[in-house]
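Here subunit A shows up in two complexes: once beside subunit B, once beside subunit C.
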Partner chain A sequence: MTNMYISIILIIAAPLIGGLLYGFERIVKARMQRRIGPPLLQPFYDFFKLADKRKMVVHSAHAFLGIMHFISLWFALAVLLLGGDLILVIFLHLLSSALLILSAYSTRSVFSHLGANRSAISILAYEPVLIIIAVSIFMLTGSFEAGAAFSSNQPLLYKMPLAFVALLLVLPIKLKKSPFDVAEAHQEVTGGVELEFSGIFYEAVYTAKWLDYVFCYTLIFLFAGSNLLLGFALSIFTFIYLNALDNSTARVNYKQMLRFSLGVSFSLAFINLLINSLS
Partner chain B sequence: MESYLSGLFFLPLLVSLLLLILPKNLVKPLVIVAAVALSAMSVIAFSNISGAQYITAPDYTNNIVFGLDVLLLCFFGWVAIQRKSLWVGILSVVQLAGLIYLFFNLSHTQSAQLMVDELSGFMFILINVISSIIAIFSLKYIEQEDCSPFRRKYFLSIIFWFIAAMNLVVSADNLEYFFLFFELTTLASYLLISFRKDEVSEKNAVTALWMNQIGGVALLSAIFYIHLNQLGDITFTNLLSNTGQQAILLPLAFISIAALIKGAQMPFSKWLLGAMVAPTPVSALLHSSTMVKIAPFVILRLSPALKDTSLSMVIIGLTAFVFVAAALGALAQDNFKRILAHSTIALLALMIMMAALGTPTTTIAALVLILFHGISKSMLFLNAGILEKVFHMKETSDMDRLSETGPFTAMVMIIGFMSLLLPPFGAFIGKWLSIETLGSFAIESKLLGALTIVAVAFGGAILTLLYFKVIGVLINRSGETDKISFEKTGMIYRATMYMLLGIITFSIFGLPWLLTQYFSPVSEATLQQAATVTSEGWNMLIGSVSLPIVPLAIAFLMLPATLLTAMFIRFKNVDRAKEYMCGEKVNYSFGSFYFSTEVATPWFYSIGIAFFLAMLMVSLL
Partner chain C sequence: MNLSGYRKKSPWILHYNAGSCNGCDIEILACLGPKYDIERFGMINTGNPKQSDILLVTGPVTKRSRERLVEIYAQMPEPKVVIACGACASTGGVFRGMYNCEGGVDQYIPVDVYVCGCGTRPEQIIDGVVQGLAILEQKTKELEASVKLNNEAIEENHQVNRRHIAASIK
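== the complex of A and B ==
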């Protein structure tokens, strides 16, 4: 029962946690570049500033889909944190990304369209990997439920290290980190799908990114089983890895991203699946 | 049961004759009355079926069947001479020779020729209800077609005897009878595809003809093999009662090959893609409720015998491959109908795979997919017809701003696409059940299972991407007008859309009921093995797979509610901003991404052929 309460608290506090993570990330990233960086609460200051702005929309459908992106992502995260079915979680997450992509398609903005096309390709790059990981977890725990992975005594990491590596390789795509940040590439498509949002409506898309952080780190926790300490260790490792990677690599184009993801990450996850199914 | 079956056969046959001779003003009421009667009859027939019922036809029908077969093959031979197609000619002659030999050497035992069980009933509903709606739609469509008044009646007439033939395909037990109706559907598709009488139509119709005739030859081979090796009656029942014997593997392989050809699996996908040149209701008919659905039906029929054989492994391998290859093919298309056609082939592969796996859960998944795919695809194809006749659009890239010029059509199409693969609709359940059962399958059969999961995961992702790409085009609008007024497309068009929308709405809200009362009994009767659908706490158990009800229900409502609300919602007290254009004042046309599969297509076909040969090889060994 306590687990349930913890989950519910985590779900409610998810945007807060994600915001703090994002703030901290900006500091770490700045320090890596020998800058001081913004204060920890900078994302929240931005949040309040955005709320104050004049309300502008391209059209209502576009703004509404942005809001629904946030809500559906929160819902996907809730199902994950409550230990729900992983296949369902992946589908729900896909849906929420799809809503954002659709919102971009619904405008007549060139950059939104470019960004949406690229985001769609990114989904193709990471979604199969996630499903393979879910199936591997099923083979080890006998259940598709995230709860089974959270409560397994032996951390899944020991049985599926390659899948973990595969996850590390697709996370930058999901979190739009260099070298795989083609979808929002600021210098090329000026933010892509996010471009046409502003003010209070941008708020939804902006905080959805925080939720995505929590979502991704929860996926990391899946690998640690009931061993919380290992979970935190893995998360810290992932955190540093992601930021170091983001700071030290240059953006590749979407074809290279797709090729790498389906060639390397997908193969790794698949080899892991094969090992799991053969042993 | 006999009376229902003869009703389902003779009524459409009668209607098709009447349509040819009655004056023009009686056509419309006749079609509508027949459509209603057929739909009602199929539902009543289904609710009256309990267990397999055998129906013995009178002796003279054997001669009638033989006579019709010969006539049919002579017609094909005539087509071969007229179109100078060597293939059609050879195949017709081979079939004719085989048939005559069989007629004089095969002992016509007194075993029943027809068999109706829950699975046939399930197919009755799909065939009659959906095809009836398509027939009603065709009333208006064919009026706008450039052809003589008689050919218009002739078109409707073919549709009705096609329905009659389909109703008997799914209730034939004797393989000779099955062969006749199988060939009749081939004939119907030939006539429908060549309806427009231009060069491309004729060419594609001939392609469809010879490809499907290979299926006919395969069926005859199966009959020959059973006859020569004295394996008993040439019936499905007999084959199924010998489940587990090595000897029946080869006839099973032949029948499966015939089915997979009808189901347009690679390399035979070409005939279905070519069928696109026909008037759009034909595509709707072939893709949703008739023709291609023979494939998953036959595999389901055979699934108790196929299960765990080397043959079924090859079929699973083939369909896993086709699922991905056809999904990729779909992503390469711009023409709306071609996108739909490729995705039909992909989803058929998924259905056949589920049927071949043969566990209670996968059987339910296959049934769910068959039904929902039928509903959604017919809706989308009929809309393609409306787009073509009312809006004069054929490519998706032309559909830009459809949500402003034709908001109703855009809305219906969005619903159609959502219902194809995504929650809240049944097809999503189908896909989900597949992944979850394949998980168990992979534990049992290792490499193949793992590869199959990869294919489903991958193909599923590609298809989702594809559907969102098209939905993206459909919801595109400028912010200049806020007003939405539904366009006028005509009474019949609108009415058929409402019917299909009604069926879809019913299926969403009735899904729990449908699962327990509709899909589960059919699956149980097909496999002779209980397929339990129960609820346990907050979970719904379908066989071994448990579905969480609450998150599913929320997800069920969220997506359609979101997309529909997005079409109509208008925020108050907001200002409108122009899109960011980097300061440019150029009119852009919006493209999308495509993958080119032209280079890969010959490879796809070769791999497909290899799989088909492998089906025969593993059965021989």
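== the complex of A and C ==
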């Protein structure tokens, strides 16, 4: 029962945690480049500032889809934290991305369309790996429930290390981090799918980015089972790895990203699944 | 709830090159680097007019780039501040009187802060942005009311001058 309360508190505080995580990440990234970096609460300052800007709505469906993206992502996170079905979680996450892509297609902006194409391709790159990981967890724990993975006594990491490596390789695609950030690509398509949002409607997309951080780190926690210490260690490792990778690599194009993801990450996850199902 | 105090804590910058020689642009990018690091004030170079607060314009506004400049200005949601960076953007600089430009950003859009220098120093740009932030805090998010303009453009020293047209608004 206490687990349930903790999950509910985590769900309600998820945007807050994500915002702090994003603010901390910006500082860490700046320090890696020998800069001072913005204050920790910078994402919240941005949040309040954006609330005060004039709204420029392209059309109402566009703004509505942006807000639905935020809500469905929060819902996916809630299902994951409450220990729901992993396949459902992945599907809900896919739905939230699809809503954002739809909203980008609904405008007439060329950059928005380009960003939507690229986002769709990045979904194609990371989604199969996530599903294979979910199936691997099913092979080990006997159920698709995330709760079973969270409460397993032996951490799943020891039994599926290759799947963890595969997850580490697809996380930059999901979080739009540097070698695989074609979907956002600020220098080429100036943000892609989020291009046409402004004011309070951009806030929904901006906050959804924070929720994505919490979502990804919860996926990392899946591998630690009931061992919380290991979970935090893995998260800190992932955090440093993601930022170091983001700072030290240049963007690859979408073909290279797709080839790498389906060639290397997918094969790693698949080999892991084969070993799990044979042993 | 009064949120206007947060404007100066997270100004997002849009940089537009209106035919500049790239000197001022390099200085703007130098502001983002480790030495000056304007991100510590929460500034981001967004490149997206719909989400930015400050428009940094460099260059003497060539006839090719003026429509884009006005278009970008119109796409920025209020409150917004325009900063003319460099001698060319402020007055036309060495290009003043040439056939392909009409000297300065303020011929087309209202400018709040002028930053001098050819090219401007990063310190000057940061100072100009800080002055712009004080103006940003006073602005409202309503659209500006339309005003009937009575004055005509005049030509002086082989240079079309539109500055006094908008002067009647203030």
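Here is the rule we use: the second predicted complex is superposed on the first by the 279 of 279 C-alpha atoms of A that agree within 3 Å, B and C clash if a C-alpha of one lies under 4 Å from a C-alpha of the other, contacts with A are read in each partner's own complex, and residues count from 1 in each chain.
To be clear about the criterion, a residue touches a chain if its C-beta (ideal position, glycine included) is under 8 Å from a C-beta of that chain, and two chains touch if they have at least 3 such contacts.
Quick caveat: nothing in here was measured; it's all calculated off a predicted structure.
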Thinking of the overlay built on chain A, is A:E196 touched by subunit B (first), by subunit C (second), by both, or by neither? both
Determine, under the contact definition given at the top, whether A:L274 touches first (subunit B), second (subunit C), both, or neither. first
Tell me which partner touches more residues of subunit A in the superposed arrangement, subunit B or subunit C. B
State whether A:A120 touches subunit B only (first), subunit C only (second), both chains, or neither. first
Once the structures are superposed on A, label A:V135 by its partner contacts, choosing first (subunit B), second (subunit C), both or neither. first
Would you check which partner chain A:R54 touches, where first means subunit B only, second means subunit C only, and both and neither mean what they say? both
Touching partner for A:F91 - first (subunit B), second (subunit C), both, neither: first
Touched partner set for A:S106, first subunit B, second subunit C, both or neither: first
Going through subunit A, the residues touched by subunit B and also by subunit C turn out to be 54-56, 190, 195-196, 198
Which of the residues in subunit A come into contact with subunit B in the complex? 54-65, 68, 71-72, 75, 79, 84-85, 87-88, 91-92, 94-95, 98-99, 101-102, 104-113, 116-117, 120-121, 123-124, 127-128, 131-132, 135, 138-139, 144, 190, 195-196, 198, 270, 273-274, 277-278
Which positions of subunit C touch subunit A when the two form their complex? 3-4, 6-7, 9-10, 12, 33-34, 37, 39-42, 46-48, 50-51, 53, 75, 77-79, 141-143
Note: in the complex, subunit A contacts subunit C through residues 26, 30, 33-39, 42, 45-46, 48-56, 186-187, 190-191, 195-199, 202
Under the definition above, what is the set of subunit B residues touching subunit A in their complex? 422-423, 428, 432, 435-436, 438-439, 442-443, 446-447, 449-450, 453-454, 457-458, 460-462, 464-465, 468-469, 471-473, 475-479, 482, 547-548, 551-552, 554-555, 558-559, 562-563, 565-567, 569-571, 573-582, 588, 590, 592-593
